[in-house]
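Just below is one structure, and these are the notes that go with it.
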Amino acid sequence: MMFTTKVLENKEITASLYYLKLQVPDKFNAMPGQFVMLKINDSFDPILRRPFSISGFSKNRIEILYKVIGKGTKLISHKKVGDEVNIIGPLGNNFNIDNSKIPVLIAGGYGVAPLLFLAKNIRKYSKNKKIVFLFGAKSKKDIMLRKEFKKYAITLNVATEIGGTGYKGLITDLLKYLLDNKTLLPEKIKIYACGPEKMIKEISKIASQTNISCEVSLEALMGCGIGVCLTCVCATKFGLYKHICIDGPIFDSTIIKL
Amino acid sequence: MMFTTKVLENKEITASLYYLKLQVPDKFNAMPGQFVMLKINDSFDPILRRPFSISGFSKNRIEILYKVIGKGTKLISHKKVGDEVNIIGPLGNNFNIDNSKIPVLIAGGYGVAPLLFLAKNIRKYSKNKKIVFLFGAKSKKDIMLRKEFKKYAITLNVATEIGGTGYKGLITDLLKYLLDNKTLLPEKIKIYACGPEKMIKEISKIASQTNISCEVSLEALMGCGIGVCLTCVCATKFGLYKHICIDGPIFDSTIIKL
Amino acid sequence: MINLGVNIGEIKLKNPVMVASGTFGYGEEYSKYIDLNKLGAIVVKSITLHPREGNLPPRIVETSAGILNSIGLQNVGVHTFIKEKLQFLKQFKTAIIVNIAGNTVQEFIELVKILNDTSGISGIEINISCPNIKYNTKNHLAFGQNPKLTYKLTKDIRKATKLPLIVKLSPEVTDITVIAKACEDGGADALSLINTFPGMAINIETREPKLANIIGGLSGPAIKPIAIRLVWKVFNAVQLPIIGIGGIFSAEDALEFIIAGATAVAIGTANFVDPEITLKVIDGIKNYLAKHKINNINQLIGSLKIEKEKL
Amino acid sequence: MINLGVNIGEIKLKNPVMVASGTFGYGEEYSKYIDLNKLGAIVVKSITLHPREGNLPPRIVETSAGILNSIGLQNVGVHTFIKEKLQFLKQFKTAIIVNIAGNTVQEFIELVKILNDTSGISGIEINISCPNIKYNTKNHLAFGQNPKLTYKLTKDIRKATKLPLIVKLSPEVTDITVIAKACEDGGADALSLINTFPGMAINIETREPKLANIIGGLSGPAIKPIAIRLVWKVFNAVQLPIIGIGGIFSAEDALEFIIAGATAVAIGTANFVDPEITLKVIDGIKNYLAKHKINNINQLIGSLKIEKEKL
C-alpha cells in the first residue's frame, strides 16, 4: 500500500547511521525481511524512491536503520519530527524461520537492519530460544544499538575489521572460526544473512560447502520496488533472472548466482 | 560577491508572505533597489537561483520579504533558523533619491520589499522628511508590517482591491485620486514604484502624462543575475534592450517599454 | 458534463491518459494500487516472438530528473502473453494496446498475425525505437531512425492486420517529421512519441559504464521539453493522432502535451514513483477543464496559441 | 607533479576546463568572481558579422534539471567584439576561442577573415547548431544537421583560415558520427559536443509557449547522459579531440566526459548557478587524479573500460 505519514523520530545513532521511526496505518503489517520504498520529497532530483528494510515493526510504527550514502539518504537525514514522508510497503518476501534449527543471524554494516527485526520477532515468540547474532563492521563505533539487542536478550558476536571490540577480522572469518571450533554445528543451524555483496557471496559459499541451510537478503538498484520496471534482476543458478523486489529480497543461498 | 550564510529568521508574516533574515559578511553593503540571487539547495530541481529585492539592510544582516509562488519559494519557506543558504549579491543598481522632491513610494503586493528599504533609508538620513507611501494589495490581511512602518514614522496610504481598509480600489486609482485632488503635486514629487507589471505600466503612463519624475523596479526571469546569460531583457523606447539584472532593476519610467 | 473521451484512430478511449509500454508491466502489479478500469488505455510491455531474458544487470541509473534503463526488452514472449497476461487484462473495461518489438520485418509480421487471431486487443503499437537492443540494420540504427525502413515496416504490417496501428518513434533523428510522414504514408493510424533517448553514465571510480549494457534509454522529466517540442512539430506536419510521452508526472505536464498537439498521453517513469499517478492526472485534467469551462477535451488538442508571424 | 595540460589541436590548454559559448559573456562579469587566468580556455558568446538584438523576451524557462533558453545570438557583432571585448580578454593568460555563427557560408567566411587579422585569438569555434535562429536551409534545419552542408562549410572555412578550427555539433541528428566524420573530412581540428537540444514549454493557463521564440535550447544536467553517450560515440568514430559539453556541474561530471573520450570539457549553465564552478571543477579533477595516482590527465581521456564482447 501507499501512504503519506509522519516522521516520529530521525536521529543519528553513530557516524552517518540513522534510526528513522515512522507512523504507519492500522492495516500495515510487516514481516522480517520486507522493505519499504520511501519517497524523498517532491523534487525530481533525486527522482526515484529509496528501498529500506524494515528493522522494527510494532502497531502503527515502523523503524528503519539507514546509512547516509549519497544524495537521497542525505536528504532523508535532514527530515525532522513531524515532517511528512510517502511510503510504499511493505514489499517483498520475508525470512522463513526454521524452528527446528538454531538461528544464526549474520549482519554486515547496515545489513543489521532486517536482522534486528528478525531477532526481535524470534524472541517475541520464544523467550528462551537461542539466537546467535554475528555482527560485522569496520570499527567499534559501527556496532550500534547494543542496548536494543540487550533488551531482547540477544548476545552479539562482534567482528570488526580494524579490531577494537570482539573478533578482529571479517565477519565471515568469525563464522568460519565458529564452525571450525564446532561452536556452530552445520546441521543444527540455519543462517540468515544481510550485508555487502562480498559478504553474502562468501557466506553463500561457506553454507554450500558445509551444507548449512541459509537465507540471504539481497540488494539491487530498484526503479519501482513492485515488480514492474524489471531493473532489479539477479541471476540464478538455473539460468533465469529473479526480481529482487518481488521474488526477494530474501533468497535461499543455493539458488542465486552473485 | 558570493557567500554561504545562515538563516537568522524565516517566518510567515501573513498568508504566504515570509520575512527572511540572513547574516551577511562585513564587506556586504547594499542600497535600496538592489537584489540578491538566492540558491535554493543542492538539488538540480529547481536548478536556478531566485532573485529577491533586499528589503532591509543593517550591518551583517539583510532582510528579504518574499511571497510563496512556486517550487522555489516554497522550498525557501521551509528553511529553518541556522540553515545554510548561498547568496550572490548585492546586485543591480539602486533608486536615485532626489532630495528636492517629496518621495512617493508606491508598492503593489510584495513590491513593498525594496520600498520598505528605501523608506527606511530616507528616514535614516532625514528624521522629518515627509514620505508618502502608497501600499496596494488584494485585501486587508495583505497589508503587512504595519509596525515596522510605524517604527520608521511612515504613514501608509492603503488601497485594497476588495476593500476592508483604506481606499477601495487599485493603488493606481488612489494615486490618480491624490493627484486629482491636489494632495500630490506633480512638480513637487518623485515616484518610486515596485509591483506587478500592470501597475508599473499604469504608473509609468500617469507619470509621463503628468510629467512626474518616476523610477520603477522591474522584474524578469533571470538565469544568472550578473549580466551574462542575456535572458532578462526589457525593451526600451529607443529600440535597444536593457538587461534588468545589471542595467536595472531600477529604471527611469520614461525609457522603458512594457 | 465534461467529455474526456478521445479517439486514437478507431480506438475509443474514455479519457486521454494511457500508460507507456514497459512501465506498467501487464497491469497486474498496479491493479493493487488503482482501478485499472479508470485508465484510458494500457500499453503493455514490448512483446517479442520468443521470451527474452533481457540485458545483464545493472539495468538502471538514476540521473538528474530522469533515469537510464537498459532492460533490453525482457518479456514473456507472445504466446505466454496471450495465454496468461492478456487473460488478466481482458477483465477490465480499458483499451489494451499491445506493444510489439522485432529485429526483422518478418518477426513483426509474425507477431501481428498471431495477435490478429486474438480477442481483447484494441490496437498494436510497434516499437521501432528501443535503444537497448542491437538492430541488424546499417550502423545498428533502429528501424525508427530510417524513413525508408520505417515506411516499409509500417506498410508491411499494415497489410498484415486490420487492428489499429500505432508507431512509436525514436527521438534520435534529424527531422522527426520525415519519419512521421513515412508512418503516415505507410498506413499507420497513430504515432507515439517519444521513446527514450540513448544515454550513458560512467562510474568514475571504476571507469566502467554504470549500465552493463553500456547505454540505456533516458526517460523522465529531463526529456519533457524535448518531447513537447517534437509532439508540436509532428502535430504540424501530419494528420495522425499523437500519443504524447516523455516525463509526464502531473496533469499540468499532460495538458502541455495535449495543447501542443497530443490526442492522448502515456505516463511512463512516473508510475514507478507514484503508482497512483495516472488517476491523479485524470482528475487534474478534469479539474482544469472545469476551471477553464472547456466541456470537451478534444477542443484542447493542439490549441497552442501562436501569433501568426512567428510561424 | 600532476599534468593537467591538454591539447585541442594546436591550442594548448593549461587544464581541460573551458567555459561554453554564451554562458560566460566575454569574461568581464566573471572576472569579479574568479581569476580568469586559471581557466583552460574561454569560449566567447557566439559572434556574428553584425550586432544582433536577439529574440523577444521571455527568453528563459526553468525545466526539471535544466533550462530552455532562446537568446537568439544577441551579441555586439565582430567589430565591437574585437575593439572592446577582446581587448579585455587579451590581458589573461588563457586561451581565447571565438565562437562564430552565420546564416550562410559566406557570412562564416567573412567572419573568419576578419578574425585572421586579429591577434590574441587561440582558435575559432563554429556554431552550426544554434536552435534559436532560423536557417535558410531546407526545412530550416541547422547546418550541423546535414553532413554535406557541414562538410562544405568546414572545408570552406578551413581554406579561409590557419587558426585552429573547432566545430560545435548539434545533438539533434540521427547519427552524430556521420556529422563528426564530415567535420573531420572537412579539415576541422576538434569537435565540441553538444550544443543545446531544441525544446519547448507551454503555459497551460494562457495556452501560449513560455518562450516568445516558441522553442529554445535545453541545457543543464537533464541532458548530461545524452551528451556523454554522444561524446563516447564520436570518440570511437573519429580521431579529432573532443570538447565535452552538457550539464557539467561538478568535477565528477567533467571526469565522466573525459573518461568517455573528451579531451577537454566546457561548462555552461553551471556558471549561472555558481560563478566559481570552473575553479571548483579544476580542483576536483586535480584531487581525483592525485587520489587515483594518475599523473597525467591525458591518460584518462577515453579510458572507459568495456569488456570486449560488449562492443
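Just so it is clear, A, B, C and D label the chains in written order, and each chain counts residues from 1 on its own.
Everything below uses one rule, namely that a residue touches a chain if its C-beta (ideal position, glycine included) is under 8 Å from a C-beta of that chain, and two chains touch if they have at least 3 such contacts.
Remember, predicted model here, so these are calculated numbers, not experimental data.
**Q** Could you work out which chain's C-alpha centre is the most distant one from the centre of chain C?
**A** Ranked by distance of C-alpha centres from chain C, the top chain is B.
**Q** Using CA atom averages as chain centres, what separation in Å is found between chain A and chain D?
**A** Whole-Å distance between the two chain centres: 47.
**Q** How far is the middle of chain B from the middle of chain D, if each middle is the mean of its Cα atoms, in Å?
**A** 37
**Q** If you average the CA atoms of chain A and of chain B, how far apart do the two points sit, in angstrom?
**A** 54
**Q** Would you mind listing the residues of chain D that make contact with two or more other chains?
**A** Those would be 61, 64-66, 220-222.
**Q** Show the residues in chain A shared as contacts by 2 or more other chains, in ascending order.
**A** Counting only residues that touch two or more other chains, chain A contributes 44-46.
**Q** Linking chains that touch, what shape results: line, ring, star, complete or other?
**A** Graph shape here is complete: every pair of chains touches.
**Q** State the interface residues of chain C toward chain B in the complex, per the touch definition above.
**A** Within the complex, chain C contacts chain B at residues 64-65, 221.
**Q** In their shared complex, at which residues does chain C touch chain D?
**A** Residues 61, 63-66, 68, 139, 141, 145-146, 172-175, 177, 197-202, 204, 206-209, 213-216, 218, 220-226, 228-229, 232, 247, 252, 255-256, 259-260, 288, 303-306, 310 of chain C touch chain D in their complex.
**Q** Which of the residues in chain B come into contact with chain A in the complex?
**A** Against chain A, chain B makes touches at 42-46, 71.
**Q** If we count contacts the way the header does, which residues on chain B are in touch with chain D in the complex?
**A** Contacts found on chain B: 1-2, 39, 44-49, 88, 220-224, 226-234, 240-241, 246.
**Q** For the complex, which residues does chain C have touching chain A?
**A** It is residues 22-25, 29-30, 32-33, 45, 53-54, 57-62, 64-67, 69, 71, 74, 220-222, 249, 269, 271-276 of chain C that touch chain A.
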